[in-house]
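What follows are several structures.
In what follows, subunit A forms one complex with subunit B and a second complex with subunit C.
Our next item is the complex of A and B:
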């Protein structure tokens, strides 16, 4: 076995294990941490395919930004996820039997033979250019149409999020300077004259 | 490679000008609405409708083939032969006569796409008009988002209709689905709507996963995602058949989810029932057209070589849908839920046309079969809009009118709208001389021509069962005493359009030939 193949299987094993733990671990913080591990290993697999830029952006964006935010939310919300997944353990036996059956059927259909793919090797561009350059060039030329549409999807996401969460105008606690300067001491402070009481 | 060496050719934008126009207008409407006061929200509605009309005009003026059809329908064939070349010259239309690809073959403009898009704008236009008073009566929904999300969903459907790349199909589908999830949940205070949105979202994500997995298998087998490229590779026999079939199963499952056919139909009744009726109206009509288009693009344009394999899968889906859809609809007491099951059975019936295109490697019947399906889906969208529109017509502030009992004695309240609803129900059931009859008839003759007699018999049998629950509504309207005698409070334009919709269902049943030949002609020029 070549060293690269060994690294691939090693990373894939970790990836599969981490993904399984994401859905099975009881503690939501652990699940989120396993998701971080899964992303990190997936970026390793991409690195093997010589897609350095994608690998680094996966770490930067998903591990660095998205998952940290996610962890914060999970820690702040203090969800008792065990209650949310009450049915999970009782359905697990039946679910896993069906899943195993399906995996076995798929294996039978594919005949157990190694996938004979159209191109086994990583497609080589033949031009000595960096990953970033190649992706950028493709994105803005050949794939410009889906790229623009993806931005529309993000826009829809923003619109939908605002529409679903925004309530009526909230009463702001900001002060109005114009009203502030007109305030006089006698509007705010009432001086009361009280006779002093003798101490007994 | 430096910047100067890069060969950058600006893609031909003119075939996609309708999409560009719609997107620009959707963004403009979003901005305009920020400065509009609550009371003048009518402006947002008006702009939405103007946008749809404008997009239709742009579509017609960028496709010479569609232009000649539209003129022929409006002014007659002689005028079309005379006028079309002149308009083509004035506007400098260069596309639409034949199939045009642009954006590195990711976008295809052909006559089938143009005809479907025109029907799509028309459907969305009618949906918006029917929904207007319903939305105004419910302050939660009376927001610009209802209109802008509808426009974004329309954009997604347009992208799906003219996609020539698996990636574009997926992105268009997501654009449509995301807008729809949000629209279902728009009425936040309703528990059923939120539940429906959750179910729709989770199952929709699962379906997208299935579809993507299928696409990745097909990519693995053929090395390309471009639909014409996939077809080429398959013709040359360069692909691993096992992986292809493996991918095809997932692809068909994903499509079945989106079309809502058995056994991937579980979301349909809950979503149709739980969503606000205005949104149900939207989900039940326009997306069916887009789903038909992606079936044609993926299975017919891309994987026609595998027709034997996917036809078998579709036959199973189709027969199951007709059986379960029609049987389960009988037991419903809620009209929206009943129509959801009816939608399942109708989509099953529509699939029948697609399974009979290639018989024993012979594609002689393909045109006839696919055009009968196209006719079916277009007329289904028209009838479905009318039926759900009728629920909206009877609804008012604080009253949904979506139970079967709410239709009791409609004849006493309004004889005309009872008659319109009766026409819709007759058409859905396939009673002769309404448009639904001809749709079913043309699909059945395609099935018989292909030699599947048992399939045709099964379809007729399940349609007969289905006639029961459609006719029950007619019975409720005419022979039962009304529950409340509140007069119908719908605005005038909605009543007018509803009447026109009912008449269209009747008239298209008497003169189906024009629409049928448009479907056949557009497919002939596109396949």
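Our next item is the complex of A and C:
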């Protein structure tokens, strides 16, 4: 167990450092990259807990998809880094209230077992059993409604993303080839029969 | 047991080595004669003519967000797939276990149809 403890503290130190840099680094791109590092080390910590499904999905989904989107947005958006700092003091009260709320929530979740908030402790899986199967069995028996709710939340996400980005009819000059081939000359050109006018 | 992850650890080490080794070999072996032209930033052979930070079409992000949401859906499918055999063999939850995933996917298909009908998936 000595080596395991060492690995845990090693990963945790990197995790704490990376998380601190996420909020303190001036450059948003660096912050996003530190967040990637934080996700990787968090996945390592989960691996130590033998929660390999969570660890792999953290890497695949957060690092592979979410952080790529974040990096894309942060690197491509025309943000002025100096102007990001503006309004720090005016946003401070609201920001600190939200931060305090989040700290309280995290404390309740993490310290819940000390305050006897939960009925039972975190269940341990058997050694021989696969972790993914244990998650699946719980998800499809005990937590059916949260599971279906997750699907509804994903649906809300899709609809919100589409509704936010969809504007009125796009003003593009693109032509539709399928409609274009059916155009006949008489649809576009009008030949006028005009008598010649004598010059005065 | 944590020892079972040792092959994964070895794979990670080999992966890191594969990433770092070519760079190190390149630094050690390749000729290094820099001049100002070589070191200046360029864009496909010509001078960079504008800042990389500019306004992008929001549809890039829309495609990315939709990708992430369906990517998340797959994360839910995987545990189901691993216990699917068990579900089918248990008489009491045989159809229930199957139907709940169908409901899950059906709800997401609603979002898919919405995105499709709204034209979020075509690019013109």
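The working rule: the second predicted complex is superposed on the first by the 129 of 200 C-alpha atoms of A that agree within 3 Å, B and C clash if a C-alpha of one lies under 4 Å from a C-alpha of the other, contacts with A are read in each partner's own complex, and residues count from 1 in each chain.
The rule we apply is simple: a residue touches a chain if its C-beta (ideal position, glycine included) is under 8 Å from a C-beta of that chain, and two chains touch if they have at least 3 such contacts.
None of the values given here were measured: they were computed from a predicted structure.
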**Request:** Please work out whether A:60 is in contact with subunit B alone, subunit C alone, both, or neither, and reply first, second, both or neither.
**Result:** second
**Message:** Under the stated touch criterion, which partner chain does A:99 make contact with: subunit B (first), subunit C (second), both, or neither?
**Reply:** neither
**Asked** With the two structures laid over each other on chain A, which partner does A:158 touch: subunit B (first), subunit C (second), both, or neither?
**Response** second
**Prompt:** After lining up the shared chain so the two structures overlap, which partner does A:110 touch, if you call subunit B first and subunit C second: first, second, both or neither?
**Reply:** first
**Request:** With the two complexes superposed on chain A, say which partner A:77 touches: subunit B (first), subunit C (second), both, or neither.
**Result:** second
**Message:** Under the stated touch criterion, which partner chain does A:144 make contact with: subunit B (first), subunit C (second), both, or neither?
**Reply:** both
**Message:** If you tally the residues of subunit A touched by each partner, is the higher count for subunit B or for subunit C?
**Reply:** C
**Request:** Could you look at A:50 and tell me whether it touches subunit B, subunit C, both or neither (first, second, both, neither)?
**Result:** second
**Request:** Report for A:29: first if it touches subunit B alone, second if subunit C alone, otherwise both or neither.
**Result:** neither
**Residues of subunit A contacting subunit B in one complex and subunit C in the other** = 127, 133, 137, 141, 144, 150, 152, 155, 157, 159, 162-163
**Request:** Using the touch rule from the top, collect the residues of subunit A that touch subunit C in their complex.
**Result:** 4, 47-48, 50, 52-53, 57, 60-61, 64-66, 68-69, 72-73, 75-79, 127, 130, 132-133, 135-137, 139-141, 144, 147-148, 150-152, 154-155, 157-159, 161-163, 165-166, 170, 172, 174
**Prompt:** Quick one: in the complex, what on subunit B touches subunit A?
**Reply:** 1, 6, 8, 11, 16, 23, 27, 30, 103-104, 106-107, 143, 145, 148-149, 152, 155, 159, 165, 167-168, 171-172, 174-175, 178-179, 181-182, 185-186, 188, 220-223, 233, 238-240, 242-243, 245-246
**Asked** What does subunit C use to touch subunit A in their complex?
**Response** 1-2, 5, 8, 51-56, 58-62, 64-69, 71-73, 75-76, 78-80, 82-83, 86-87, 93, 97, 100-101, 103-105, 107-108, 110-112, 114-115, 118-120, 124
**Prompt:** What does subunit A use to touch subunit B in their complex?
**Reply:** 106, 109-111, 115-119, 127, 129, 133, 137, 141-146, 149-150, 152-153, 155-157, 159-160, 162-164
